[in-house]
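Before anything else, here's the structure in question.
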Amino acid sequence: MFDIILLIVILYSIIIVMLESVPRFDNKFHNFFNISEWVVTILFTIEYILRLVCIKKPSKYIFSFFGIIDLLSTIPKYLTFFFLQSQYLTAFRALRLLRVFRILKLVRFVGESHNLARSIIASKTKIFVFIFFMLIISVLLGTIMYLVEGPTHGFNSIPHSIYWTIVTLTTVGYGDISPETPLGQFIATFIMIIGYGIIAVPTGIVSAEYATTLKSTKHQDKGRSCPNCSAEIYRLDAEYCRKCGHKLTEE
Amino acid sequence: MFDIILLIVILYSIIIVMLESVPRFDNKFHNFFNISEWVVTILFTIEYILRLVCIKKPSKYIFSFFGIIDLLSTIPKYLTFFFLQSQYLTAFRALRLLRVFRILKLVRFVGESHNLARSIIASKTKIFVFIFFMLIISVLLGTIMYLVEGPTHGFNSIPHSIYWTIVTLTTVGYGDISPETPLGQFIATFIMIIGYGIIAVPTGIVSAEYATTLKSTKHQDKGRSCPNCSAEIYRLDAEYCRKCGHKLTEE
Amino acid sequence: MFDIILLIVILYSIIIVMLESVPRFDNKFHNFFNISEWVVTILFTIEYILRLVCIKKPSKYIFSFFGIIDLLSTIPKYLTFFFLQSQYLTAFRALRLLRVFRILKLVRFVGESHNLARSIIASKTKIFVFIFFMLIISVLLGTIMYLVEGPTHGFNSIPHSIYWTIVTLTTVGYGDISPETPLGQFIATFIMIIGYGIIAVPTGIVSAEYATTLKSTKHQDKGRSCPNCSAEIYRLDAEYCRKCGHKLTEE
Amino acid sequence: MFDIILLIVILYSIIIVMLESVPRFDNKFHNFFNISEWVVTILFTIEYILRLVCIKKPSKYIFSFFGIIDLLSTIPKYLTFFFLQSQYLTAFRALRLLRVFRILKLVRFVGESHNLARSIIASKTKIFVFIFFMLIISVLLGTIMYLVEGPTHGFNSIPHSIYWTIVTLTTVGYGDISPETPLGQFIATFIMIIGYGIIAVPTGIVSAEYATTLKSTKHQDKGRSCPNCSAEIYRLDAEYCRKCGHKLTEE
């Protein structure tokens, strides 16, 4: 019950923040948005205080991931109170938008999905190495493209050229900058094929790791246990318990 | 026979709806399109009535997925008859286009492809969690981009900015809006690499689930066991049990 | 030796066809291209005649895939001889470009890569069903987008709108047409996420099928054969031959 | 310690090269960049000499991959000394940018990630065959598109048209050229669906190969066999053989 209300309040609050940024809506409903915002902020403050009271170790909660998120959901509005009359408009605007981090409160509602997380963590270093190599390739190819196309065709500087290379390598392809010389287009073609080919690498890693995680979980599901020492039996064709040597009878 | 005629009529009807929307064709063949449409509608009406008559429980059919689709394939044309002389032109146009849902009648012709559907259903919740996290990331990054680029560079509002983030994250990259400040381009690069990396996640999930489904199906299709020692027989062409040497008789 | 010369001639001929289409090169080297083309055509004619002479069943060769490709590599140039003085310029141009099909002659040089082909063939029907569903989704969403955005925002007709939907669904995203109304952008977002998610389906199918093919091949590699009837033994833990019931001794 | 300093110097040097290419920064900090560059070059020279002295076989190091990279990291700056007063400005600029290859020095810091490399090498020929077929398809479809759209819609020549086909096939989609005739858009749709479908092929290959590598590695790590009946022991925590009940002693 409490969870459902909380869910609705969070979603409502996110939508308010979004609509506020649309000039057309802000002109019309400015006061309504402001009042809504105060109501939501007070609700979140009450939630934060309740959590602090209910939990045995408040200090641990305050510095936990959700503790910080919960705090960030309430503070900005109170702070804007002080900035409103002053001239720090940009800081003020940034603070208002910080409220969008409330969406992270939703993470609480999601089931842990351990398998998925476990396979991503297991392939973490491999994916890091992969991104690292992608960045090295991007820097090299970006520099070459800067040399080939040059500032006259929109490749203004090396960082800008690297930005273009990543846009191409990840197959996003905005088209805000695109190669114009035949040599540049040839290299671009080469970059695209690399990008198209190496997308297989992270996919392959996650697929394989996930399949392994899935398989080990499945074995656990089907597993029998030894009637003598209650150790789990993983292999379907096992005839003796691997822990105590007890002969397993047919089930 | 009936199926083939139905297939042709459905495809013909879809093509008519499509061509009607091209002004050039509509001017030339307006009458032909109108008559075709009436013929098709009457054919579908006959089909609908026939199905109602043939099936034992008509009430179940009417409220089934295909029952509703079959009804939607006929009604719009009749309804346009009433709207034609009136001024509800938008509703009229929407109704005409509703006929395109007839294409769903084609689903009947597709083999069930159980394996595929089963593996997608099995990974349903995981894919939902994945899309949910993608939306959270989009909202956060979209807000940051709105703050960094602002309305002067085409990021007019937060919803618009989130739209851009999803365009980038899914590697679509229209280029109708593209970051112009160096910091914006740096963050865009970061979003692209995330998008390029996390495409591995749904792929990994479906691959692993499908592989599992495929394997279990293969075992079910082929699995026999030896009547003597009850060892599983994996090979379809096995004539003797590989465990006890017992001769397997034809089943 | 013959193969290497052939390979060079094919590649040379393709490059000539390509360069001819660049106006700048064509103006400069028109005569050189023409003479090259005649030399290549005569070489391919000789190759074709030689193949006809060497092969036992010429009729089978003529109507085979490679027979047709080999014929198509020679005829166009001879035919252009007749069209040159006449006015059929478009047909003439099309014929000239038909020569690019010579590139298919290269397929001969590629190893068969049986495993890969086998896994694609095995997943053929599934991929067909997948593309079929993708087309149904495209027609439906394309029609909805036509209704939402309309001809004023570049969605001129339903076929044009379906073209846009496929551009978005496959994450290509040219940006020649892009949604401009908030509702259109919301639906576009939805299409992108579908496209991003369902790319997992063909990948999952091919991965799983290929893994199965790979595994069965590996088992064959490692396989022992029965010393009595020389049937292959697939299972590593087999103790009796599955074909003749002969007891297998340890190796 | 030495490694960390080296890492910082490499990254610092890359950033300097990048920022130098931005006109705004170059105008302001030209002298600072020049001095930094000399300091970095001297540091790399010292590193190169130290490596030559420390290693037993210097000749082997000089012609190794890292030896060449280390040399290329120092030479350009010394060479620019000679080109500076002369008129070879393009060569001079190219040389300066060659320094970006220093980033390859970072490869030393990355763990070998043997599994990943092994599975990519194992699928090398398959990926080559795949890219080869993709190029054949691109040449054929590019020629057809050149014929259909022609120079009036931006498809200036066959190479340009092939460039567009690869942009579409790899789902990059810049939008600098896009089909404008209905037939061209229909073929483009067809190319996109091919591109979207065949991305599954390299992914499938790498996934399957990687899964195999992963599995065989795991088996190698864990595999023991029972000294009594020589059955394989899969579980690390097994204390008794699952086949004959023999007690396994610690190894």
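Letters are used for the chains, namely A, B, C and D, taken in the order the chains are written, and counting of residues starts over at 1 for each.
Basically, a contact is a pair of C-beta atoms (placed from the backbone, for glycine too) under 8 Å apart; a residue touches a chain by one contact, two chains touch by 3 or more.
Predicted, not measured: the structure shown is a model, and the values here were computed from it.
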item	value
Any chain in contact with chain A as well as chain B	C, D
Chain copies touching (chain A, chain C) - same or different residues, decided at half shared	same
Mean-CA-position distance for chain C and chain A (Å)	37
Cα-centroid distance, chain B relative to chain C, in whole angstrom	25
Per-residue overlap in chain B, given as positions that touch at least 2 other chains	130, 159, 162, 171-175, 199, 203, 205, 207, 209, 211
Touch list for chain A against partner chain D, complex	125-126, 129-130, 132-133, 136, 139-140, 143, 146-147, 156-159, 162, 168, 171-175, 178, 182, 185-186, 188-189, 192-193, 195-197, 199-201, 203-205, 207-209, 211-212, 234-235, 237-245, 247
Touching residues (chain side chain D, partner chain A) in the complex	14, 17-19, 21-23, 93-94, 97, 100-101, 103-104, 106-107, 110-111, 113, 115-116, 119-120, 127, 131, 134, 159-160, 162-163, 166-167, 169-176, 199, 202-203, 205-207, 209-211, 214-215, 218, 233-235, 237-247
For the chain D and chain B complex, residues of the former touching the latter	171-175, 203, 207
